[in-house]
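Two complexes come next, and they have one chain in common, subunit A, joined by subunit B in the first and subunit C in the second.
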Partner chain A sequence: MMHGIINIIRRVYPSYKNKQIFLAFLFVSPWVVGFLIFGLYPIIMSVYYSLCRYDVLRIPQFIGFANYRDLFFDDPYFWKAIWNTLFYTAFRVPLSIIGSLLLAVLVNNAVRGIKIFRTIFFMPSIIAGVVLSVIWLWMLNPQYGLINSALLFFGVTGPLWLQSAEWSKPALILMSLWSIGGGRMIVFLAALQGIPQQLYEVVDIDGGSWWNKFWNVTVPMMSPVIFLWIVLEVMFSFQVFTEAYVMTQGGPLNSTLFYNLYLYYKAFDDFEMGYASAMAWILLVITLIVTLAQFKIGRKWVYYEGDQAGK
Partner chain B sequence: MKRNKLYRNITVYAALAIVSLVLILPFLWIISTSLKGDEDIFTTPPQWIPTDLRWENYSTVFDRMPYIIYFRNSVFVTVMTIIGVVLSSSLVAYAFACLRWPGRNALFIFVLATMMLPMQVTMIPMFVLFKELGWLNTYKPLIVPAFFGGGAFNIFLLRQFFLTIPKELFEAARIDGCSEFRIYWNIVLPLAKPALATVAILTFMFSWNDFLGPLIYLSDQLKGTLALGLALFVGQHQTEWGMLMAASVLMMIPMVLIFFFFQRYFIKGFVMSGIKG
Partner chain C sequence: MDLIKKIAYTLGIAGIILFLIWDLPFGEPVPEGRELIRYWFITGAKEEVPYHARKFNAIQDSIYIESTAVPWTEHEKKILTGIMSGNPPDVIQQVTPVVKWASRMALIPLDEFIHRDNFDTTIFFPALWEEMKWEGSVYALPVNSASYAFLYNKRLFREAGLDPEKPPETWSELLEYNRLITQRDQRGRFTRMGFIPHYGNLQTSILMAWQLGASFLSDDGTRISMKNDETLKAFAWIVDYYNEYPINDVNAFMAGFGYAEQHGFLSERVGMMVLDSSFLDQIERYRPDLEFGVSFIPAFEGYTTVSSSGSWWLAIPRGAKNPEAAWEMIKLAVAKDTQLETVAEMEESLFPGTREAANDPSFLTDEMTEVFVRQMDYARSPSIVPMAHDVFWREFHNAQERVMFGLQTPEQALARAERIVQRALDEAMSYDRFVRGRMSITDHEK
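Then we have the complex of A and B:
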């Protein structure tokens, strides 16, 4: 078998060092095998399931595009889930990016003890998933939680947060902002430190203000990194699941029924695997469209040093 | 000018202090709640220092929840996942960074493109596949995939690091008749320890906190991981905040310890991934 593979490679690439190619093939084989089994095969099956009625117990029953039609025309929860997810994304992404950027500018000051502050800022971001959810369930308690106690300290009566359909999404967005000092801030900080000082000096010579420096030097020089993180954050926000599952189970009044939560309920509570597969494909298409659109818009505002051809 | 600098430093410190306070208060609040009885918990304004320290909250957690079993399960899944990810992603990254072969760059771009794929697309067929294999209620669905490639992001991270190793090292070893596997194992891996540590820690964070995976694949209660156990616990003890916060603190401790011991690797990982992309 091995011999056969070597022979095939020999025949296809007679002029290369056969041994190196064969070895390279061996080294990447874990990924290739993994991709075939845990990537390509599931993708193909997922397309097929999305065209079927399938409850795992009986064999899939082909029904054409019925799942997609039902989703688009007969399922108000589907649209609710899309709305909730878009709302969450529309606020979480800009707020978290701006928050991290401001913190990065702050910890870029070379004052004594700055490393300790960076560590403190980073700490919350290591808390994630279920623990984060449980902690914030208590933090957001309308009567005795820390958030509303703090608001009361300033004379404001806080909302019902997770118990109100109006405030449940803002509550989850607020929770996500606890980690603005994490990896994102570190990346922004590294990018800030990579900006050549001469650029700022030029602004100084021209008599520019702090704002001129920030808007005309910092932002353009950091735009590739900011852009990358906007793309990533949108993807993360589309995937939000654990918080809603643990904290609200989609309520109240389906106000936190996010796309992936609804998909999960369909697949693993109702065992409508075909329907859920169709949802997964719609999510993929939405993700692709949004990402492509971002790249298109990005071309207008992202500044790449040394021209586009640089990398 | 000097006065200006003084003012500036005062402003910076004030801002740093305020932000730190806001970010750190939740931790203190949770620890404080975990040591309180109900009479201290349900008060307005909040009582920061408990009137008497209720360490029982912690022992109650151990009584009501098989914490040790969950902990052991979590450690097992996490350690196995880390081993799989580190071994396989470094192998693959070696081929992309240190070997020359046709189609290398095209395949690398393809590997990166797979990061775009939402896991929901593969989740259902994988569940069906693992069900057919009889792997439900075992740790295999959580561990085995880690040994096959170890994730596009980790491959990317390690490739970036391997590229910084001087080419002369490989050439010298090859001329001495060193096999590629030995170059990988005896030269590249030892040199790449910081990058491997970063991958290991990011994998730890992901695996330790993973909820959806265990939720789908582990239905037997005693097989659960800590994340799963804690989620179940919340459902059962909804208003017993003292005990719930004690359980949360217990789950946070390993993460916080790892963070403090390996801080620089956390930061390195983000810097390595974020800039060169």
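Then we have the complex of A and C:
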């Protein structure tokens, strides 16, 4: 049996190099086959379904681009969901990057007990999504919550947070910063510690300040990591779902109806799979455009070691 | 040395394999000579095989039922994929509207079985029975039910100087009582409220609209009417309420509500509420000492009370391998004695699904249960727009929310909702017309 297979390989791939290629494909084949059946096939079908009325239980009805037309011109919730998601992304991405970068710089100091601080900052990021949401429901409670109690201590009457259409998105952004900050901090910390000390010594010799060190050494040396996390963070933010699903169900007044939440309602409450597929493809296109734009802009400011800056 | 290594490896690997398969559910052994059918039931906190399934296995000698629990949050998706894969169970339990599934050809009609066996269909509550039908055919049988009634806290009544044996009978009385019960702290925050129209599963506004005789769907099922006089009047009442009790203050108060002991009614922060019959279980579990009464849901002067019903139903999904055996099991589950035994046996028990069992003296042991059962005679089905069920309810809530927050007038909000639901209904009907003639219930796509 084994002999037969080897003979076939010999015939098809006479050279050693070809044999290597074949073996390589053989080794990745479990993944490739899995991807083709469970990944690519559904992806292709969802393109087709996005052009159909389809409720899974019955046969699809081809309706051309009607789903897309309805989404763009006839569905107020679609635009509401886009606006909510963009608002969330626009604040969460820069705030989380800046916040965790500063946190990383802070815990990069060799202060006594720094490891305890690192642990404390990191801890929130190990809490699972649903548990986190339930904890924050209480933290954000307008009457008895920790946050508003703290604000009241300073004489400020806190907002209604999740109960108000104006404050519900900021509340969720705040929560996400708390929960993801620690994890990002660890990544940035690792990158920080990889920066050669000599570079800082050079700044010292030249008489530069801490700001020069941060802006002219730390940031450029960290830029590939920062760039990576901006790209990823945008993608994660576009997909925000759990918090809204658990905590607000999209309310009040649809102020937390995020794109994926609306997609979920369409797919699994209304069984409008075709419509939901169209929504998924629109999200993909938006994400693709934003990511490509970031790579284009990234070339201007991301510094890769061993590379000439600006290339 | 080599030998020792080999033995160690062999033992290690064998150990790991054994460990992995040790606890695998290989399934219960099917008694010899019995046909196996599969049953998916919904489970909540406790994974308890329903009594009717256990009884069926105990008394049957030709069919054996294998019960699988489907988590509460995933039941729709599981059944959806089960039917789609062409390998569904023989019996399913569901809680959402029957028509949502029946109208999509997901269920096998039961008419033939019913006629053949001369099955008595008058044993069910009329409201529940209507819900089981779609276009003249019956698709499911209700196995459990829940109805809504009015619960009030007697202790809070006494503290407010009200007679604890005299619950409000009209909405204006309810408003009066609410004023007396509601309390605020020095900073003006609510610490206790009599009644909150938008707290609870069943919205006050829909109850009011029903009482006044609102009809949301034309008789031929094609035209939506949400901006009708009755719903406008109900929404106007809501507007008046929130003019007196600002929505932001009420919401701040309600933010502290949760489940179990945190529930507004159980924690005695809300004095009066419309709740369903399964809530009695929760009171028993979390606040057995709560002093409360149950009465009919208030009505407008000159109108009668209205309630709503919910049902857990059994049906045979399209593609089921053994509908005959499935029907036997469903019949047993709704039989009067099974229903009554279920209530006695199960830890988490709902109301019986049949009027026959619910009115049996052995079930009607206390006054409260009786109110819930009698309220069922005034129940309306929550399946208002069968073909756009979820859209209708989402828009109804959205409209009410916009009115509560003062964003729109009732006319504007309901007109907008009407437009959106009509569009969804048109879409659904157009899809339905397409599917008819191209596909039938007996098709198995796979």
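In this text, the second predicted complex is superposed on the first by the 283 of 311 C-alpha atoms of A that agree within 3 Å, B and C clash if a C-alpha of one lies under 4 Å from a C-alpha of the other, contacts with A are read in each partner's own complex, and residues count from 1 in each chain.
Operating definition for what follows: a residue touches a chain if its C-beta (ideal position, glycine included) is under 8 Å from a C-beta of that chain, and two chains touch if they have at least 3 such contacts.
Keep in mind it's a predicted model, so treat the numbers as computed, not measured.
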Partners on subunit A (subunit B, subunit C) - clash or fit: clash
Which chain, subunit B or subunit C, ends up touching more residues of subunit A in the combined arrangement? B
So in the superposed three-chain picture, is A:163 touching just subunit B, just subunit C, both, or none of them (first/second/both/neither)? second
Touching A:251, do we find subunit B (first), subunit C (second), both, or neither? second
Output check: A:301 vs subunit B and subunit C. Expected answer is one of first, second, both, neither. What do you get? neither
Thinking of the overlay built on chain A, is A:268 touched by subunit B (first), by subunit C (second), by both, or by neither? both
A:287 in the overlay: touching subunit B, subunit C, both, or neither? Say first, second, both or neither. first
Touched partner set for A:56, first subunit B, second subunit C, both or neither: both
Any idea which of 128-136, 146-154 or 254-262 of subunit B is the one running into subunit C? 128-136
Does any part of subunit A touch subunit B in one structure and subunit C in the other, and if so which residues? 56, 137, 141, 143-144, 268
For the subunit C and subunit A complex, residues of the former touching the latter: 76-77, 80, 83-84, 100-101, 104-106, 189, 248, 251-256, 258, 318, 388, 390-391, 394, 398, 401-402, 405, 407, 420, 423-424, 427, 430-431, 434-435, 438-439, 445
Please give the residue numbers of subunit A that touch subunit B in the complex, ascending. 13, 16, 20-21, 23-25, 27-28, 30-31, 33-35, 37-39, 41-43, 45-46, 49, 56, 103, 106-107, 109, 111, 114, 117, 119-124, 126-131, 133-135, 137-139, 141, 143-144, 146, 149, 152-153, 178, 181, 183-184, 186-187, 190-191, 194, 225, 228-229, 235, 238-239, 241-242, 245-246, 260, 263-264, 267-268, 273, 276-277, 279-281, 283-284, 287-288, 291
Give the list of subunit B residues in touch with subunit A in this complex. 9, 12-13, 15-16, 19-20, 23-27, 29-30, 33, 41-46, 88, 91-92, 94-96, 99-102, 104, 107, 111, 114, 116-129, 131, 145, 147-150, 155, 180-181, 184, 205, 209-212, 215-216, 227-228, 230-231, 234, 241, 244-245, 247-248, 251-252, 255-256, 259, 263, 266-267, 269-271, 273-275, 277
For the complex, which residues does subunit A have touching subunit C? 53, 55-59, 61, 74, 76, 137, 140-145, 160-165, 251-254, 265, 268-271
